[in-house]
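Pasting the structures here.
Both complexes below contain subunit A, partnered by subunit B and then by subunit C.
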Partner chain A sequence: MAKHNEGYVSFDENGTLIKCTKTAEEAAEETRGGTAEAGSAAEDADADAEAVGAADARDDAAAIRVRGFRRSGFSPLDTVVSTFGDGVRGARVVVGEAGRAFSLFDPKQARQRKKARRDKRHARTRVAFFRFSHYDAAFKYFVEQVLDADFVALPPATKRTFDLGSRYSSDSVCAPFKHILGDYIEALELGADVLVQFAGPCRLGYYGELQQSILRDLGYEFDMLNFSTVTGKPAVDYIKICRAKVNPNVSVPHGARQLLATFKMIEALDEVNDFYLANAGFECEPGSFVRTRDRFFDAMRSCTCERDIVETRNAFLDEFRNLPVDKPAHPLRVGIVGEFFTAPDEHSNLQLERKLLDMGVEVHRTVSLTNRALHYNEKNLRASVSDYVTYDMGPTSSLTLAAALKYAQEDFDGVVHVKSSGCTPEIDCMTVLARIASDYRMPVLYLSYDSQTSDTGLDTRLEAFYDMLAMKKERG
Partner chain B sequence: MTDAYLGIDIGSISTKGVIIDENRTIVARAYLWTEGSPAEAARRVAAELASQIDRDEVRVRAVGTTGSARRLVGAMTGATMIKNEITAHAVGTTYLHPDVRTILEIGGQDSKIICVENGVAVDYAMNTLCAAGTGAFLSSQAHRLGVAVEEFGEIALSSRKPANIAARCTVFAESDLVHKIQVGYAREDIIAGLCRAVATNYLNNVGKGKAIAAPVVFQGGVSKNAGVVKAFEDELGMPVTVDADGHLMGAFGVALLAADDAERPSGRGRGMGVESAATEAGRRGAFSPDETGRPTFNFDELGAFEFATREVECQKCSNHCEIICVYRDGDLIDSWGNRCEKGEIKAK
Partner chain C sequence: MQTRRMLTKGRLVPNFFSAPYADVRVVGIPRALLFHRYGALWTTFFEALGRSVVISEPTTKDTIAAGTALSTDESCLASKIFLGHVDELRKRCDAVFVPCYNNEGARRAFCTKFQAAPDVVANTFCDPPLRVLSCLVSETADKQDARQAFLSLAMKLGAMPKQAKRAWRAAACAQQEAEKAACARTKATFDAVRRAEEAGEAPLTILLAAHPYLSYDPSIGGTIADMLRGLGASVVLACENDRKKTLAASFDFSETMPWVVNREIIGAITLLHDAVDGIVLVSAFPCGPDSMTDDAIVRCIQGKPILNLTVDAQSGTAGLETRVESFVDILRYQKRGGYIHGKA
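Then we have the complex of A and B:
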């Protein structure tokens, strides 16, 4: 069985699919409808064995029962706990090494899809997340595959979203709060039963409860799956609230595997987006990159198993690499650093990346879910900026500074620092960034967003920043 | 016959215009109040500039616009260079003062600092949410004190003991100022204190974290105020140069850029120039061919047409972008403000 598995599909270090035989492809089709619960995995393997006629497969069927958790040294749910669990600051996360496949990753399990389980006593809940950058595909996957509930997809955010959010929140609260509140109101209008809020690394951790009471005051009826209520507690508690709020039949073994697949999807989304940011400014055919990226997100939204994710990622990376670009040998390179919500979310930052790309700039952005939540190592980051800071300054400060320093050392032309107005940890970063900027003679543009920020003001500043970098580069 | 280039800087308070010749020397200058109507102000500036040149001899080949109404006036005139005021100021100042290291600029509603090395801007900052310590603040306080803002500088210099006025915020500065007036401080001490407040506020907000190196050039409308210049010199401990044309530097800079662009054979690069939303009539603007067939800016045409701006709320999706449309005698010449191609408005 093991041998057959290897032959059927194998993965290199990066988790990239490198081999896939035709017979196995057919076999996969046959088993696709099979259940994926750990308890029924053995029957599944039996069916698989019959399909390809491998004699020794039956013996290995039992082994599948224990495969998964035993092979790796950690429980995937511990990851969630430690991501946001051990205190607001200093969270240290190890979910495999960057770029390497999760050790749980098993080609057999990767193509298992869950059969809809019929539950006559409970109606399926409709779960909604807030909008955050391009991660809605991962949120959808989490809701459908991990929680086994319906996902309420939100249309793109509009001015109305933010107006709604601002109207019902305190004026002095940071812009992400207003964006998220607006998203929730729109989600409830679309019929969501449960809203999800993370435990955030900053004040965001308290936002869930506040938003819940604001929405209740507005008269909405809903449940809130707020992970900050179980922060620091064992994984069992996480499962408990998921069962209490969303689906009493959440399967732990299946859910755990799909949670890892969700992480995989987040990595894939960020990886492809990084390629887009670095190259879309030089596209030969206007709009080709945006169109391809939109199709990529659509394809990611329809993924239902880990194998879909890997294949979609590979297919679109290939497609992106084949798009014609006219890139000069030394293009203007700008790095985006800053606050966790505003920097990656293009609706919050008024399409900052799009504007830079339109000017023909190679854009890099380190701050993302992958780098902040999945592969975050506070100790290493702070060690790398030890010339400038000694202590942890807040949720994304070390990442902001380390990224800016990396850009400076790699001879980037400039860095744009993005934050929501009044974000204290990022304000603290600004003085350190000014020192990095003067040490490496690299200009830094500071942008601050709140509900009053105008597009025109942003255009003026970005244009001037671009002109400055371009003239500086031209005259050497 | 010489080729010339026109630069117009339409700010919130004042509108500036210059005409430069092929050798990049200023041959005509204009400076007047915007008075809340940028289109009208641009027309008056053009008329004033036209009266200073021999129009048979000097032919304007390209127009550049800058300042907060650059887009509107750019559409009116058919400008080939529409640039932000930061770049325009940097270009203009470094042309006249190649050795400058720091440019301080305080205008009607905004203030900025530009750090320059070897003639190239390397860093800049602009005031963000707060207009404390800008020209508009000085004007309103001058009104309160019953003094013309133009006289501020002289009065401030006559003070021997400037009052200490809280500078952090316009609102606090104003209440502190009222308090000092009521306590009976001498008027020149208050005015000198106000000038100093403008300088310290600027250095603490816009100039925060920036290394200010000599030579320093101070420009913008507030640079005409000798009291503020003195306050900057005291604070910085270095001489501060104020150019006679310092208030025109944005217009001069954008005229230089328009000239460079017109003389470049290949035309515009990929930076932010004129958006393509302009209609054919909008691209032509106020230009018409002269007897040699080359397009020339026609000063009369700007005055002859009626310009109107209308705001349309796009209904194509729920974002409801506000699209700004500029009409000349009822014909659409340019539009902007749409987030996606659905909102593009084209002339029929």
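Then we have the complex of A and C:
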């Protein structure tokens, strides 16, 4: 039987108004707690309801409640006064659940009734995000808990994904666009109704519209929840667009709370991943870190509330800390900086982190959803690199430069700058990075990814970089 | 602040800290990027403040070579040329003016190239350090429009508030005049075309849709415009139209496009779509905004032949000529009624 936690108003056969705030099960339980007679009545009611089926669960629940009360000799409209005699003055009316005054025309309840009606008209939408690093758990949580819709989980990306994406996009557009377009095509093949696209201050801001146009030209039917259309507008517009595209019954208080939980999940994902990056290069048992991280992501995918998230995070952080590692006193430390999509996304950067970890390097990466989207304070970051730049140079430029400078000041052995080919803001950063590198005598490896970047070429460059860093460290 | 006011009897007098650029007498402006859009504003502004302005020479092969040597390999051609111009200027002036244009409001942003330009220049020419005169135009995040930006710049140059405002007024007027003149040029071209049509000729009108820094640069867009004119076509520049109107028209084309210059170009295309015979899109390699908007234009603007040209530092003009010639030939044939039904 469907479970509903909301209150609602219903009428019984005689047209008497009944107000219920509990589910049928709870109602039945309540009555069971009373007399034996009432208990059997509730069981009858349950059986009745099951016979009717779960389709009109709400109405059933009301009917059960009515019948349950009737047989137990207690009518839902009975007050304390009528039950315990007329002599009691100033007694409180206990209709439905205590705590609120009873009203015939409670606007809130009327609204909820309306919603309940609307619910039947709308099929649940199937929402898909693009693949982005390890954030699919957070995307899933956002879709299921905040938007209250079905999430279309995508299998790991393959070569086909990127081939599809690059086939249908302009040649000179940046690589993330192609990756995301490929993801969308695969999501639509899996039956997604709504695709979600972010807003951003560079080309990303125009991704959604162009991708929508391309996919429509390809003949797909879908809707796009494009946050670019509401950038800079008040929160009401965000709610409106979610209601229009995904679920007309999105609850604002519930959604807001779950949105905070989503942020918490993103932070947890990044926190655990940072620990992984710093230590996985020194694991005693090969593969133990990857396996634990995979289990962690799986556990995160099945979280349904904030408590789950925090508990999972704590449990897995403990587990990670207990994994045996053999870490030298002064390991080779490499920082990854760069463009927002390519640097964190393992598939786009051809497993760059994995390759570095396999060489036994402590990897740090500042650019993540947490640091760029949730805790991004551009002015503070820029203040830390004020020796080099005066203005905000682009969407992630301040983060890139501040992180690189921090790594340089903390005596990291090297920095890898990752970007997709043609990423304008990061290209401009390279001028400044080169200056930081020469001032602090810190090697920087510039990697630029496009559709032709080969795995072997990357291996060669990384190995050479590693050798250089190791020799530099040995010489001291 | 208090003591200074007391010393100057309540008047604000610029000092070393409030006006670090007071000693700049000669301001250098590179003839690249946004100069082609706001040149009149900038020159008049500095001249109104009593500075002499040096503008770099038009782009040559040497400028491109110098710029390419100075910049990151992957930078776009326009920014390489820009650095070439700065390089040429830096010996001839006290400070180079490189403004930071971020946006003129929501969905009226500039490419991040313009945002990063001052810092890129400062970091490229760091030894010996080059004095970079700059101001920040960013209406969304910093709530600072062009007027405020230039007023604060005038303060840094040691101007009094009144002088600064006067200079801004003069500059804004000059800019308006320049824009009007540009619109008049477009109108004159269309008038000439109409007269020719009345005289019984069949003139070709081609819309050159490119960023101003390409359209006006003799070494890139200039050659393409000359080629088209040499083939007997009338060329209308997309950037020589009423900016307000084109910007407003672009919102019918796209809701979320972030870049103001691309918006104006697209607005011009949709407004002039019926008045021209063909459209030539020119972009510098590898242009970020154009990589997306060109795709959108080719996808959504139907009914007029579009030639999409990408220029880079290596391009010889021969390949360009072939493509432009064949495009004009196609347009001519079409105008006569096509290959099969026409009398060609």
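Methods note: the second predicted complex is superposed on the first by the 358 of 476 C-alpha atoms of A that agree within 3 Å, B and C clash if a C-alpha of one lies under 4 Å from a C-alpha of the other, contacts with A are read in each partner's own complex, and residues count from 1 in each chain.
Here is the rule we go by: a contact is a pair of C-beta atoms (placed from the backbone, for glycine too) under 8 Å apart; a residue touches a chain by one contact, two chains touch by 3 or more.
All of these numbers come straight from a predicted model, not from anything done at the bench.
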Which of subunit B and subunit C A:208 touches, first, second, both or neither: second
Which superposed partner A:388 touches (first subunit B, second subunit C, both, neither): second
Which of subunit B and subunit C A:431 touches, first, second, both or neither: both
Partner chain in contact with A:158 - subunit B first, subunit C second, else both or neither: first
Touched partner set for A:172, first subunit B, second subunit C, both or neither: second
First, second, both or neither for A:217, with subunit B first and subunit C second: second
Touched partner set for A:443, first subunit B, second subunit C, both or neither: first
Which superposed partner A:232 touches (first subunit B, second subunit C, both, neither): second
First (subunit B), second (subunit C), both or neither touched by A:466: first
Subunit B or subunit C, by number of subunit A residues touched: C
Subunit B and subunit C contact sites that coincide on subunit A, given as residue numbers: 421, 430-431, 434, 448
Parts of subunit B lying in touch with subunit A, wherever the complex brings them together: 68, 83-87, 90, 118-126, 128-129, 209, 211, 270-272, 317-320, 339
Parts of subunit A lying in touch with subunit B, wherever the complex brings them together: 155-156, 158-160, 351, 359-360, 421, 430-431, 434, 437-438, 441, 443-444, 446, 448, 450, 452, 456, 459-461, 463-468, 470-472, 475
In the complex with subunit A, residue positions of subunit C that touch it: 71-72, 74-76, 100, 102, 106, 109, 111-113, 115-116, 118-120, 122-124, 126, 134, 136, 140-141, 254-258, 285-289, 291-296, 299-300, 310
Residue ranges of subunit A in contact with subunit C within the complex: 169-170, 172-174, 177, 199, 201-203, 205-206, 208-210, 213-214, 217, 226, 228-229, 231-232, 388-395, 397, 421-425, 427-432, 434-435, 448
